[in-house]
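Two complexes come next, and they have one chain in common, subunit A, joined by subunit B in the first and subunit C in the second.
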Partner chain A sequence: MAKSDTNPKITLSQLSYIFIQSQVGVDILNLSTVLHKEVGADGWISLLIGGAISIVFVLMMVHINKCYPGEGLFDVLRSSFGKTLGNVAGFGYYVYFLVVAIYLLTSYGELINQWLLPETPIMVLYLLLLISALYTISGGLTVIAKVFTFFAVILFVISVLFLFGFVEAKFIYLLPIGQASLSAYIEGIRVTIYSLSSYVLLLLFLPYTQGSIKQKTKTLIGTNLIVIFFYLYTVIVSYAHFGSDQIEHVSQPVLYMLRTADSVIITRIDIFVLSLWTVFAMTAFAAYLYGAERAFAQIPKSKKKMLNIYTASIIVLAVSFWGGLNEENIRSIIDFQDVITEYFTIYIPILLFLLSFLRRKDKKKEAAQ
Partner chain B sequence: MGFFKQKKHQPVQEKVIREDKMPPHRSTASLEKNIQYLQQELRNSTDLKIRLLPGNKQALVYLDDITDPDKIQRYIFEPLLKTEGDITKIKDREESKDLNEAVSSLLEGKALYLIEGQSTCYFFNVQQNVTRAITEPMNEKVIKGSHDGFNEDIKQNINLIRRRIQHRSLTIKKQTVGDYTESEIALIYVEGVVNPDVVKELETRVKNISNDALLSAGAFSEYIEDRTYSIFPQFLSTERPDKTVAQLMEGRIAILFANNPTCLIAPVTFFAFYQSPDDYNTRWLVATYIRLIRLFSFILAITLPSFYIAVVGFHFEVIPEDLISPVLGAIRDIAYPPIIEAVMMVVVIELIRESGIRLPSPIGSTIGIVGGLVIGDAIVTAGLVSNLMVIVIALTSLASFVVPSNEMSDSLRLLTFPLIILSSILGFIGIAFGLLMVLIHLCRMESLGLSYFTPIQFRDLKDTVIRVPQFLMKRRPEQLQSPRPYKSNELSDDDGKK
Partner chain C sequence: MKKLTIILISCTLILSGCWDMREFKEVKLGITAAYDLTDDGVYTNTILIPNVQNSAQGPGQESTQFLTATGSTASEARTNIDRRLSSTYSPAQLDVLLFGDKLARQDIYPYVDAYYRDPRMHLDVVPVVVKGNAEQALKVVPKSEIRPSEYIEGIIESEVETTNTLETSLQAIGSELYEEGEDFALPLLQVGDGGKTVSYEGLALFHGSSYTGKDIPFGHTTLFLLMKRVKGKVARITVKIFDGEKPETNNNTTINIEDYSSKIKTKPDKQNKVRADITMDVTVMIQEYPQDHLSLSKLPEVKKNLEQALTDQAKETIRIIQEANSDVFGIGRSIYGHYPDYWKKLDWEQDFKNIKIEPHIRVNIRSRGIFR
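Showing the complex of A and B:
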């Protein structure tokens, strides 16, 4: 069905901005804490290794795209698993994208509720984020690309603001190296890969991108490196700022770090960063909602695009509201997400990659010609 | 549900036929019958002059108020004397046997010469031209640069453009719009530089306009713009020929209107509203500095009041320690919440601005000063508005007037309201969402099918946020997809490397 779409084209640079924006979500704010819990002071090393592995996954995605020219994620699923299994997997991705979207929405709501607006009904925040994401998605791929490209400026601004963290940083905190056990490393790598897992979305965008496979590969590797270095930068700043003893007890170390930083014109930079973070929350959320919309378009034979988005967003909103600020419900959402993330971001991509050697279509076409 | 459905009453109205599409009405050999028909068609208007020449065998018919008596004398009577009454020997005449064509020529300001016993009518162009002198437009003054401006005469306006682009590829396509008014519009572009798809798009849009009267450029733009419900202007309007020509050479289309000094330019980007001809006439460093000031003023104009409200209402901790007590002192005794203060002050400023426009200029400026000073001072001493809020709103409206384009500045002032409301409900998060929506909206917008708000990329930066020296601006804007992407015959790239 994706072939019936009028092929909207996005440029290579737009692809890379989409990739950046869909990866940088709310998670990064407490990535350092999570990594430290798992790996200790070696967290940043496992981040680097995990980043390298995520690049391998990105390369696999590009390879899959090369093997099935012009096919989106769901066509690829069908081509490689067969029709029935492929549809089941497609539905699985629908659920997965929805769950990630729900997770992004609830974590943003929780974050703002904790830091800025404790009195505001959380539904208001959900609705605002949802409306802006819907407004972006309903414009189609080109608008998504443009919006995401524009907001990439924010990443730069925030990186500059993080420099305040270096004022009281002690790099001795990064030492000693290599203390953690192997299992801790693996755990850290897993966390890293999850936080870089939006490479799954690449299959939605790659077929609509201009440029050769070589160019795409180069761009995506570069983009992934940028994201990895941004993560590394935040992790190192917060490690160096807080040290092992403190960081365990701080849930959003980056924000706390900026809270104490003093500047001449304004105090409390954390509030600004948090407001700017709305952009990342929105773009990442919009990316997954777009994925869900695409997936939903494959299940029933509905061609009304907006209907698909509304269905997806009502589900997201309802579950998020159910989760809301309720510890228990949120816990169960996150647990569920953890379970399925493993399948949809690691196993299925690997399986697709392996199958692509058997069922590839590009060679066949060449042979036919 | 048919019970509730009421049949809409369709009013009956006669179809108006445009003058240039009237079916022909053959003239007769009888002078009297012809004149009668003309009188009847022109509804016996008193300005229809019928001059019977001696002998009552010939008549000269014209509309008195739009013809020039001097020209009648020079072009008709003097030659007639020389040729001893033989009209067919006079040059510069048109002939027709269609009386409906005669009516429309009369309306254009031509004189009609009829002869008893002949069905041929002769036309002479004796139109009276009423034009205003070429002056610098009041609303777009520049310090350096040419000081001429468009006026109400479309011919003179085209003249001003033709004189600046002396090349055969400058294309001018005239059309008329409006069944009654038949307003003339001219689409002007440089063939080979403009994107032909855009021209086609614009032409079809103009063709689809169906209206009795087209009176202004603003109304026209509402018929053909991409998003009528948007707050942002989608056509750059200017009265400056130099600005128009610069845009033409970038690959855009200019639309001129008869009887209107405004020229519309499309397709535009958001940043075009922040460019002024001044920028290209000063040192590039200075121009860049001014561009940056304008960009800053854009951000200031839409966010400053909401920022202040958010700080006072939600995030007091943002204010540095030493400033807290002065701020607190200023707002402590104010009875109203900040949002009411802000709205009140904005309305006051708008009142002063609007009254200043309508009044004659000597009084207008006085009202501005008196209104501003007196009301500003009194409103603070009365305790209605804090003096910080006065500063904030005054700065905001100053910033909104920095925009070189009038419409954009109006849009900006309107945009502050939703942001004020959002920030008073949600603080900084409200502002963040408000700006997010505005920016997404900008990204979604299109101007004649081309994107309106291209995200800033390095190459576009050169003539948007800053202005680099001319020799570095070698390409036309990417947005236009011009068939001639480079500005010169030399195909060197931006950094001078071949």
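Showing the complex of A and C:
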């Protein structure tokens, strides 16, 4: 355990896999429906615009990392905002990461309960995911990196299986273009940025990555593009498959469209994809749990790492259990998450970015003097 | 050692058993179901459950069991069926769903809703409309069939191969059920030979989620499906290309469609509000020409007559579709896709009947066969 604390290094490709795995979570299954509800058939356009904006945020993260070399998210917060305010912001991020983790866990539980295991107690489902996530992050950054890299192949398997959705697709459903109002577009862009918002986690991993700033920038932009195009692919398949009215009745279109897909080996591809997807649920969940653990480690200056993880997971588990299968409670968790997501993924990163310029000027002045 | 024991014990706790286990021996799988509406408007559900007895050699003898129950919703009828079974009835593996035309004329959506809602259900069910009583069609079990439970499924499958019906399922009609400006057609069956056989009768045209009562008759289905760009393994059309030859058979010819391309172009039109042009090119082989003496010099005439006959048939089909107000070509959706502002001015419910749909069919005779 002690080894992992001594500035572990992860490679560039591992960084990119971590980024992919933490981004592709629950949203891969329901983003199409959510976008369609906001923007209608133009959902994919706002997805592209939102994707472009998220790349800007990724660049900001890299820039912040450049200005505060070797400092993780919480050190950066303290250096920019001062000690007290920085600690408050750090605690804010702790809460934010926990809320996202809770959201991921409850969504996973709800999905598996609806689609796969209706009789299994929800607590067992939660525990299964939690245990595997805990096991992943207990080994520290290097193990996380390796596990995430290992599971990345599933993204390609799932992409191929989604091709079955094209069997009954009609591309006329993507037309007409440009019918949504401006406010609908903005709403769609907001949704997209939220589902790509794991760039916040980058500050946790960037300082420990090998390679120059230029290499990191290139890798991250490439990775983000992969995720955006993967989302675009799922959105277009499900739009073309369901048409503009049915899709709003289906909450997990990419699963639903595979219900009749019949192959020689697998009869129910939707169930198969869902089982594969649990891996994404686990990795995204683990990434945010790791974030929460890091945040918690900063505040009471505790040296016992596993204790932090256990505290975090008990909180997550308790709230998820309360949320459970009650749609109203889940709704309130999601609403709360929506409110705080805006602050922690948009405003604070922008603020940090702006402050980093001030700091650079300070540095230059110091150098001049 | 101690560690290993702990791991092993926790493994037995975690890995043993499953809450969601459903054993095959505990369920009865229905293969075909028939939904009807009685005269008093009560909904009746009949299912066919095959039971295969084991035998020493070869496939086991199959016996079929029919159960009928009534109920106010589909689920209630299912519960009533369940009461008479030793094990639980599961419609999860249904292959064919028969709707009596009385029920289909009303609305099929309430009866298929459960299939869309429940993730355990297989959405690959083929919905079929039966002229008259669906229960009666379900109970037709020809002695010659080895697997009586697959009789109706077999009829539909072979008609798909010969391009007389399209491959459909609840999932496939799902988007058309909801989408405005787009309708669908389902296979139509009828009990014939005094209740001994079931025959395929054509395609039942739907509007929204109810059967319009109009259908494309059997002889016209192949051409219709080709216009919709659906082709099975083979496609044959028999048309009348001459007049006044004796005997009557000599007026007809059967063509085998080897290759085809079909395109539907829609655009707003001043006179008829919307104009749709269906352009189709077919490459055919003359399969049967009862008149004999099909010389090369006669081919241009045959080609011209064929084009005329096919165009007439297409026009007749289009007339039926428009009368039924069933936009099976998705013309409305296409207008909405390409001209969204124009679409808002239309009242598709009324306008579809009056739009102009024009078929343009070109025939290319590739071969006359090996006998001239």
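In the analysis below, the second predicted complex is superposed on the first by the 354 of 369 C-alpha atoms of A that agree within 3 Å, B and C clash if a C-alpha of one lies under 4 Å from a C-alpha of the other, contacts with A are read in each partner's own complex, and residues count from 1 in each chain.
Definition applied: contacts are C-beta pairs under 8 Å (C-beta built on N, C-alpha and C of every residue); 3 or more make two chains touch, one makes a residue touch a chain.
The shown structure was predicted, so the numbers you read here are calculated from the model rather than taken from an experiment.
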Query raised in the report: When the two structures are overlaid on chain A, which partner does A:V147 contact: first (subunit B), second (subunit C), both, or neither?
Result: first
Report task. Pick one for A:Q114: touches subunit B only (first), subunit C only (second), both, or neither. Result -> second
Query raised in the report: Given the touch rule stated above, what does A:T311 touch, subunit B (first), subunit C (second), both, or neither?
Result: neither
Query raised in the report: Is A:F272 in contact with subunit B, with subunit C, with both, or with neither (first, second, both, neither)?
Result: first
**Report entry** Touching partner for A:T260 - first (subunit B), second (subunit C), both, neither
**Finding:** second
**Report entry** Partner chain in contact with A:D245 - subunit B first, subunit C second, else both or neither
**Finding:** second
Query raised in the report: Does subunit B (first) or subunit C (second) touch A:Q337, or do both, or does neither?
Result: neither
Report task. Scan A:S159 for contacts with subunit B and subunit C and give back first, second, both or neither. Result -> neither
Query raised in the report: In the superposed arrangement, does A:Y173 touch subunit B (first), subunit C (second), both or neither?
Result: second
Query raised in the report: Across the two complexes, what residues of subunit A are contacted by subunit B and by subunit C?
Result: 116-117, 120, 124, 268
Report summary line: Contacts from subunit B onto subunit A in the complex sit at residues 314-315, 317-321, 426-429, 431-433, 436-437, 439-441, 443-444, 451, 453-457
Query raised in the report: Any idea which subunit A residues touch subunit B in the complex?
Result: 13, 112, 116-117, 120, 124-125, 128-129, 131-132, 135-136, 139, 143, 146-147, 149-153, 264-268, 271-272, 274-276, 278-279, 282
Report task. Mind listing the subunit C positions that touch subunit A in their complex? Result -> 18-20, 116, 119, 122-124, 169, 171-172, 174-180, 182, 330, 333-334, 336-340
Query raised in the report: Which bits of subunit A are touching subunit C when the two form their complex?
Result: 114-121, 124, 168, 170, 172-176, 179, 241-246, 249, 257, 259-260, 262, 268, 270
